[in-house]
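Per-chain numbering from 1; labels A, B and C assigned in written order.
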Amino acid sequence: MLKDITLGQYFPGNTVAHRLDPRTKILLVVLYITALFCAGSFAAYGLMAAVLAVCVRVSRVGLRALVKGLKPVLFIIVFTGLLNLLFTPGEGILWAWGPFHVTETGLRNAAFMVLRIMLLIMGTFLMTYTTSPISLTDGLERLLSGLKRFHVPVHELTMIMSIALRFIPTLIEETDKIMSAQKARGADFESGNLMEKARALVPILVPLFISAFRRADELATAMECRCYHGGEGRTKLHVLQYQRRDYAALTLGVLILAGVIALRACGL
Amino acid sequence: MSDMIETESLRFAYPADEGQKPVYALRGVDLTIEKGSFVVVLGHNGSGKSTLAKTFNAVLLPAGGKVYVEGMDTLDQSLLLAIRQRVGMVFQNPDNQIVANVVEEDVAFAPENLGVPTEEIRRRVDDALKAVGMDEFVTHAPHLLSGGQKQRIAIAGVIAMEPDCVVLDEATAMLDPVGRREVLSTVHRLNREKGITVILITHHMDEAEEADRVIVMNDGRVELDGTPAEVFRQVTRLRRLGLTVPDTVDLLDRLRREGLEVPLDALSVEDCAAAIAETVRS
Amino acid sequence: MNTILQVERLTHTYSVGTPFQRSAVEDISFAVERGEFLGIIGHTGSGKSTLIQHLNGLLRPTAGRVLLEGKDIWAEPKKIRNVRFQVGLVFQYPEYQLFEETVYKDIAFGPKNQGKTGDALDHAVREAARLVGLRDEHLDKSPFELSGGQKRRVALAGVLAMEPKVLVLDEPTAGLDPAGRENLMANIRDFHRNQGTTILLVSHSMDEIARNANRILVLKSARILMSGTPAEVFARGEELLAAGLDVPQITRVAMALRDRGLPVDPAVYTVEGLEAQLLALKRGGGPC
C-alpha cells in the first residue's frame, strides 16, 4: 500500500534530537554528508556508523523505522553495490566470469559504496523523523535568508516546500482512492508488459492531476482569505533561537568531520 | 444599529467563453447584514449563494454595484487586507484550506501574515483553538483528524484574525451528520459568546432552524428574506425553488390541508410535537 | 429465499503487528437477498467503507469469507476481477474518478475491461447512460464540461455499464443540493424497480435510508449494532440516539408526541405515515 511510504514522515517526540534547532540539524546533516564523502577506510566508516548509532539512540526513533526507510532505495543500493563489485578493475582478481570480475578493490569499493548510501539515507531520514516539516522549512528559510539579497525568492521556495510536504499524505490518500475506484471498474495494474502497465496509469494520473489543480486553486483562495501576501512583514509563531545545546552539537559535528579528515590524512 | 455588510444592486458575472454573453450569477442584490446576527443563505446549486458569499471579503469583486464591509468599499484595493481581516471565510473542502501540517502552525498562519507579534500570536492561537473546542489538538497533524475537526481547525484559523464576521461557504456540505453538528454548534457558540456575525451558506434546510434570519437565493436574486418561521411557512414557494422544507413543516402543512388548526412555523421537533399534541387533544 | 451475497464472520485488521493495529470490521455476518434494497448506516469510522470494499474483493478479509452466489470470491484470487464486474461499487464523490475525453469513452472503460466490444459495448454504454438519465448529446461531451450532478451520473453509469448483479453505492448523494439528491435517488429507485438489481446503499442520512431501503444494517465500532426493516430499526430510536446516530426527524417528532402522551406508533418514519396516524387519532379512531 502507498500508505507505507515513510518519506518525510515526522515522529513527534521530546528528545534532544527533537529539540535541537532545525538549522543546527540541517548543518549537522551537511557536516555528516561531507564526512561520509571524506571517509575512505573501514575505521572512518566505523566511526560514522557509531555516530549514527548514538544519534538514533538519543532520538529514540526505532531502528526498524530507519531500516524501513531504506526499502524504496533498496534497488539502487543493490545495483550500485553490484556495479562496483563486478566491474571495478584492479589487482588481485578473486573471481571472474565473462565480463564480470571481482577484485579486492572492487570488494572494498562496493562495501564502501553500500555503506555510504545506507548511512547517508539513514542519517537524512533521522533528521526528517525528528524534525517537523514546518520547522525544517523554517530552518531552511532562515539559513538561506542571506540569499534574499541576491533576489532569490527564499520565502516563496520554502513556502512551496512546506505546502508540498503538507499535501503529500492527502495526495497519497487520493491516489489510493482513485486506484480503488478504477479497480472497481476492472482496471488492471498488475499484468501486461511495460507499455500496457504505463497505459494503465492514465486512469489514475488524469484524475489525480485534475484534483491536484483544483486543490491548488482552492488553497490559493483560502490563503488569500487569510491575508497571505507573500513573505513581507510576516511574523512567526515559533521564532528560532540557537541554544547552548545547538552550539555544543555543532562543535561536536565539526570535530567528527575533522576526525574523519585526519583519519584520511593518516592513510587509514 | 450598525451594519456588518451592505450590498447595493450588486451584480457579478463569471468570465464567459469568447463570443458568448457573460452569464450573470448575481443580478442586483441589495442586502444589509447586521452586526452580531446569524444569517443563513439557502438556495439550490447555481442560485448564486456561493458567489454572493465570495463578494463579502473581496475574493470576487462586483461587476456592478457595491459591497461595503463595515463601510469599506471592497473595490478599494488599499483596503483589501483590512477587509479580509474583518470577514473570515471557511470553504467547503476541509483538506484544501489547511496550509500547515501541525494544527497550531495552521491556526497561526493568518496572524503571521498580518505581522502580529510572536507572543500575541501564541495567545490568539490558544484562544482560537479553545473557542472551537480543539485545544487538545495543538500539535496534531491535521490530515489525521475527522472532517468536522478539520473544519473546526479552519474556523480557528479564521478566528485567529479576530474578525467581526465569519462566512461559511457550504462548509458543512462534505461532512457527516456528526461533523455538521460539531461545526454548527461551534459557530452558534461563537455568535452567542463572542458576538461574531455568522453568515452560513448551505443547502441543508435544517441548519437554518436556529438562525436569526434566512435568505433564499434564486437565479442571482434574493427570493425570500425573513426569520426561519416566516421563510419556511412558504412551503409551496420553496418547493418551486428546488428546495425542500424540514419534515416538521411538511407534516404541519399536510395536517393543515386536512383541516387541522396547527401553526406552520413550529420548526423544531419539540415545537412541532407540542403544537400537534395541543391540536389533536382539543 | 434466494441469497445473492453472504458475508460470514468477516474481520479486517489494519497494520497487523504494529502499534497502529486495529480492526475496522470485526466478526460481521449478514446475507443479502436477490433484488433487495439494503441500507447500511453508521458513523465515519464505523467500518462501512472497509466492509463494502470486501464485497467486490478490493480488500481481502483477515478472517471470514464473502460468498457471491454461494461461491467464495477469493476461491480463485486470479479471477477476482470477475467479482468486480458482478458487484459494482460506486465510491463516494465518484466524479473524481472520471478521466476520459468524452462521457461515452469514460462509461465504456468498465465494460471494455470486461472484454465487451462492438455492438455489445455500444449497447451497454447507451443503456447505462439512459438509466442514469443522461441524454445522447451528453455522450460526446467532455465529462469536465458537465455540472457536478451530471458528472456523478456519468460515474454511476460507468459502473452500471458493467451490468453488475449487485450495486453498492457509497453516499451517492453526498454534497448535492436537495433537488439533486432527490433526482438521483428517484433514478436509483427506478433502476432498482425496473432492473431488479440488488442494491446496497451506504448513507449518513437516516431520512434517505428510511425512504428507500427495505432492510437496514446499523454498524457501530466495527460491528453490527442492529438490523431489520426500517420500522423495526426506528422503533429502537432511543438506542440509535444513545449510540450517537441520527433517527429520521419524523421519528423524533413521533417520540416527542409519545412523551406528550399521544399513542402514536414509535416505528413511524415517514411524513405520510405519521400524518395518517395523527388524522386517525383526531377523527376519533384509536391508534392504527
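The criterion applied here is as follows: a residue touches a chain if its C-beta (ideal position, glycine included) is under 8 Å from a C-beta of that chain, and two chains touch if they have at least 3 such contacts.
On a predicted model such as this, the values are computed, not experimentally measured, just so you know.
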item	value
Category of the chain touch graph - line, ring, star, complete, other	complete
Contact-richer chain pair [A-B vs A-C]	A-B
Subunit B and subunit C, separation of their C-alpha mean positions in angstrom	30
Approximate Å spacing (C-alpha centroids) for the pair subunit A, subunit C	43
Sites on subunit A touched by subunit C in the complex	174, 177-178, 180-188, 202-203, 206-207, 210-211
Complex contacts: residues of subunit B adjacent to subunit C	44-46, 92, 146-147, 173-174, 176-179, 203, 205-206, 242-244, 246-248, 250-251, 254-255, 258, 260, 269-270, 272-274, 276-277, 279-281
Subunit A residues within the subunit B interface of the complex	10, 12, 132-134, 162-163, 165-166, 169-170, 173, 214-215, 218-219, 221-229, 233-239
For the subunit B and subunit A complex, residues of the former touching the latter	57, 59, 81, 84-85, 88-89, 91, 93, 95-102, 104-105, 108-118, 121-122, 125, 139, 141, 143, 154, 157-158, 161
Parts of subunit C lying in touch with subunit B, wherever the complex brings them together	43-45, 147-149, 174-180, 182, 204-205, 207, 244, 246, 248-250, 252-253, 256-257, 259-262, 271-272, 274-275, 278-279, 281-282
